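Per-chain numbering from 1; labels A, B, C and D assigned in written order.
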Amino acid sequence: MSVLVDSDTRVVVQGITGHQGTVHTVQMKLFGTQVVAGVTPGKGGAQVEGVPVFNSVAEAVARTGANVSVIFVPAPFARDAFIEATDAGIHLAVIVTEHIPFHDMLTMYQYGRLRGTRIIGPNCPGIGAPGKAKVGIIPNVVFRPGRVGVISRSGTLTYEIVNGIKEVGLGQSTCIGLGGDPVVGTSFVDALPWFEQDSETDLVVLVGEIGGTAEEEAAEYIHQHLTKPVVAYIAGRSAPEGKRMGHAGAIIARGRGTAASKRSALQQAGATVADFPYDVPALVAQRLREAGRR
Amino acid sequence: MVKLAEWRGKEVFRRYGIPIPTGRVIRSAAEAAEVVRSGAVPLPVVVKAQVLAGGRGKGGAVRFATTVEELQSVVLAMLGMDFKGETVKELLLEPKVAVGRELYLSIALDRSARVPLLIASGTGGVEIESLSDDQLVRVPVHPFVGLAAYEKLRVAEAFSLAPPASKELGGLLDSLWRAFQGEDAELVEINPLAVVEGHLVALDAKVIIEDDAGFRHPQYAEIRDDRTPLEEIAREKEIAFVQLDGDIGVIANGAGLTMATLDVLAQFGGRPGVFLDLGGTDDPNKVTEAFLLMAKARPSVVFLNIFGGVTRCDTVAKGLVAAMTQVPDSDRFPLVARIRGNNEDLGRQILESAGITALSDLQASAQAVVEAEKLRKGSGGSP
Amino acid sequence: MVKLAEWRGKEVFRRYGIPIPTGRVIRSAAEAAEVVRSGAVPLPVVVKAQVLAGGRGKGGAVRFATTVEELQSVVLAMLGMDFKGETVKELLLEPKVAVGRELYLSIALDRSARVPLLIASGTGGVEIESLSDDQLVRVPVHPFVGLAAYEKLRVAEAFSLAPPASKELGGLLDSLWRAFQGEDAELVEINPLAVVEGHLVALDAKVIIEDDAGFRHPQYAEIRDDRTPLEEIAREKEIAFVQLDGDIGVIANGAGLTMATLDVLAQFGGRPGVFLDLGGTDDPNKVTEAFLLMAKARPSVVFLNIFGGVTRCDTVAKGLVAAMTQVPDSDRFPLVARIRGNNEDLGRQILESAGITALSDLQASAQAVVEAEKLRKGSGGSP
Amino acid sequence: MSVLVDSDTRVVVQGITGHQGTVHTVQMKLFGTQVVAGVTPGKGGAQVEGVPVFNSVAEAVARTGANVSVIFVPAPFARDAFIEATDAGIHLAVIVTEHIPFHDMLTMYQYGRLRGTRIIGPNCPGIGAPGKAKVGIIPNVVFRPGRVGVISRSGTLTYEIVNGIKEVGLGQSTCIGLGGDPVVGTSFVDALPWFEQDSETDLVVLVGEIGGTAEEEAAEYIHQHLTKPVVAYIAGRSAPEGKRMGHAGAIIARGRGTAASKRSALQQAGATVADFPYDVPALVAQRLREAGRR
């Protein structure tokens, strides 16, 4: 068992003929993922890296049994691409596209809830379960099969940390990059129970950022429900208040959402909080040893 | 985000049916006199500096005039004045009105709940942060259905208005909600929403439009009141740009890694200045652009910290090498490069054949950066 | 429902941004001549009778004129003409255009799926019922998100347009959807949607507004083109009114019971005429109004069939007795009353003390009604 | 077990201070229903027939544990009243109000789905389970406890038939009046499985009307899934095509939805179809005898 994706996952790539779509189709296939279809309206009948391209998601689903979508289409078209995937019966959509207006994301989130389609992202690296499937853009090289679950709001910082876990000889069960946008389809609180229930996960690494209160809510959930050890890192401890550090998800507003409040909440919930990203792997190893898992 | 000046925000309000005072924007004393003489805005008037910072009332950026002569001298005094770092270029003239009550109303995103949140208070005209929770009504607004009657009733209870204002409230709330959605706003705020002669009037307007929705609102692309020249270039090139207080320039990819880099530099006492976030790119030209932009910011030392994912290390290396040939000697800076991830070895080869050392350990790199900065400062600044 | 005449429908289209020909409504030959002479509508023109029935083209309700003289004679011929029971009072003048292709587009409610359904066909200008399923594209539209890009693409594929029409389609579809929602329409239909000089133009407009949404659209309350005087009175009194071919008047409560009454009468060969459905009322005045309305329709016999629920039997009885005193002798009709349900005994007492027999068995009552009608007809009609 | 409501149902009456709201509050209480609260904005603190009135549904729920709402508010306000009930956590709303614009009903239906609130109605008589609870306006006198389930699109016609069932000495398990509007929250197909699963129901009476295709879809469902006998009556066999017989739900369009097509579909699905409403009780008795249930 892994989280959200496994070796039965059949991926359709929306926007497969775009540059990123094609590049990551190759990478997902190299990872071992069953990429069964691509969709680009008007390019049906083509092939991209051996993957058949269809004009619509409905057609892709009907012809290939695709059940998970990864969306690379440009931001102005992402909302409609998601609605299309949802209407076609896709139950999980990983939205890589960045710069989607949050008003569109509000619509997508509610529409997904109405129709039963889970969103990971947007502006996210996606999901990777080593040895099973990868849906998204996390570099293949950082993975190694193992029993550490990773949930993160960041992109490259996640790669950095996942890679570090590999380099100390450990591996990952499933890694999910939630994306750091103001409105995300899946938050820490949504994802934590999956890892708690996952029989292949022994420990959860949580990578957060300043801004918002998702980490504080995660701490509350961890305190109440999580039996597995948690190691966390919160980026932006030194960031000045009120500055926008690269995306809208990282604005500090009105004293809430500071690194200090997040770190303290997580520590009080029993998580081990790393000061720097490169400290995470050793802390993971230590917590696993304490838990008798290594 | 695009912060609209008060008069632009009020123009948005007007389009959505929110009552505003009859005002005129002027840019000279002559223009001001003409506006008053023509009767477009009757005396006495209030003169409001069109700056984005708050606290205008206390800071002398809102003044009054009862005669044309007084108006002209007020305008001359205000135009060109510095207000919290902004230069006053435009003034809004409005009739001075007798304000009955001052209320507060805004809609912004509640990120945790993933719904817009309407906030109302019967105590307006003050900084909303200064109000306690029991002075605020918080109403989540479902994006599919807008404000329901029972939600409006909660606001009405907080305001406890008399007619005709009480009759106007429901429509005004709907208008504010439509403006928030229709303009892809991050914030719509009326503070104060005033009762003037029994009617509701928006005496101020704070509207912030989301950048990402620019493709739906090309009219806002021209508004750049709150951007420095470097920020403007960054925006055009789609590079996230942050100006901090220090001297170390940082180029990284991804917001999380950018912030982590800041944390690591701080550990060694490094004080970052300009931050550039490349985001997920594999276009060498964008990397070159970022370096040239960084050169313009004149950092004492630059730290390149890349973890290759979407952005491949060789792409960054090529862009960097290309940039180095274009930076004029006078703008040159010491560089510490740290690259990991996709095509890491290839990237390192490209950099090294151009004479740039590429490290892989983040902590060691950060230490090297801080030492390089100290060296440079010790040597007396720019060459 | 309010069926809008073509010109009113086109006015709705124009407001929502759907391109329509530049036309003018005229009510006299002089007006027509003036419209053409002033250049408001250039010759040659098409003259379209503003009636609600379909098949205008074949039925001579759409004609052409190339000179002012011809126009005047066409207008004189058309005004006042009878078209399928409607008198032509208004004509729409539009420039005659060279139509490239004719397409079909509509949105109506799909009751089973509980979503609006957009129907498109590359074969327009004909009755949509005459098209086979493979000539139609059916697109369910989710009320919370409107038409998604992939859904528009399905329409685009059905139409296979060339630019500029192909570029205009997406916006037109959005406009049609907004009109459907914004006007609380039961139907918005463009047939034909034509390609004229490469551009999309709505050459006809069929818009039906839902009665129940009248509180949001008071402007439609004035339009009663398709109602008979009796229907108009019924509407004002909120009594559902149906005119059929026979002579038996039926007053019942509830649509289901009304239809069941029809079924039972038919069993005995009864032919119902005016049907009134009281709905759920417990206002005796409304019952009285219904009886007075029924008297105006001059039925040969009236069958009152009430099952008391919300409508209590005593209320109906009181209203009925009150009505009987107000109906002039010349309008009197034989009455069979059948009441069951809430306060049945009380209702029966009230009726009987006024000399009206109240039955309880539906089948027996219906039989009595039909026999009463036969008796009356046999006796030579109205007294 | 009954369907949708039982003796634990705690009803809040929205629009309780209106004439109909008050009248039917009395009737529901006489039936034995737990009417625990009323809501009329601005009239909080009052009492109607011994029932406390609150300004909002949220307050009513918090103070009285109401879990089912019956809505009597005028049509222009019904949409918002339903949203209020839904936001307050009410899981079942019976909407009696007639003349609600169908565009509003489309919104309400989808919003209810999104938030998990079931709608019965609008323009409907509601639900009655003799001996347990009544939520709506079906006259109390027509009921008698028993084992016949009734689902109907009509109002008074339902009372007529339910009363007929009582008069032949049988009784009802639960009776649901779905309402005959163009858009209803619950259709035959939604309601049939509840009766199939209800251990207290032996037979289902289905009362339909011309217009729409709800009866045809019900026939399909009955054919595929129903093991219990069904007796049906379709009103409007003699209605001329294209005439509006009292409400928008009864328009015959394009040859679909005729009485003939509905009757034939139901017969083919194994239902007994009555020619006239007064034939229903005898047919019910006969089918129950055949099934060994009487």
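Here is the rule we go by: a contact is a pair of C-beta atoms (placed from the backbone, for glycine too) under 8 Å apart; a residue touches a chain by one contact, two chains touch by 3 or more.
Bear in mind that the values here come from a model prediction, so they are computed numbers and not experimental data.
C-beta contact counts were set side by side for A-C and C-D; C-D has more.
Centroids built from CA atoms put chain D at 54 Å from chain B. Taking the mean of the C-alpha atoms as each chain's centre, chain C and chain D sit 28 Å apart. Counting partner chains per residue, chain A shows two or more touched chains at residues 107, 110, 114. For chain B, residues touching at least two other chains, in rising order: 142, 144. Chain contacts in this assembly follow no simple pattern; the graph is neither a line, a ring, a star nor complete. Listed by chain label, the pairs that touch are A-B, A-C, A-D, B-D, C-D. The part of chain D that touches chain A in the complex is made up of residues 110, 113-114. Contact residues on chain C toward chain A in their complex (touch as defined above): 142, 144-145, 148-150, 153. Against chain D, in their complex, chain C makes its touches with residues 1, 109, 111-112, 114-116, 129, 142-144, 181, 184, 186, 210-213, 215-216, 240, 242, 244-245, 252-260, 262-267, 275, 277, 279-280, 282, 306-311, 340-342, 361-363. Residues of chain A touching chain C in their complex: 41, 55-58, 77, 79-81, 83-84, 87, 107, 110-111, 114. Across the complex, chain C is touched by residues 19-20, 23, 75-76, 98-104, 106-107, 109-110, 125, 137-139, 141-142, 152-160, 163, 180, 182-183, 187, 207, 209-210, 212-214, 217, 233, 235-240, 243-250, 254, 275-278 of chain D.
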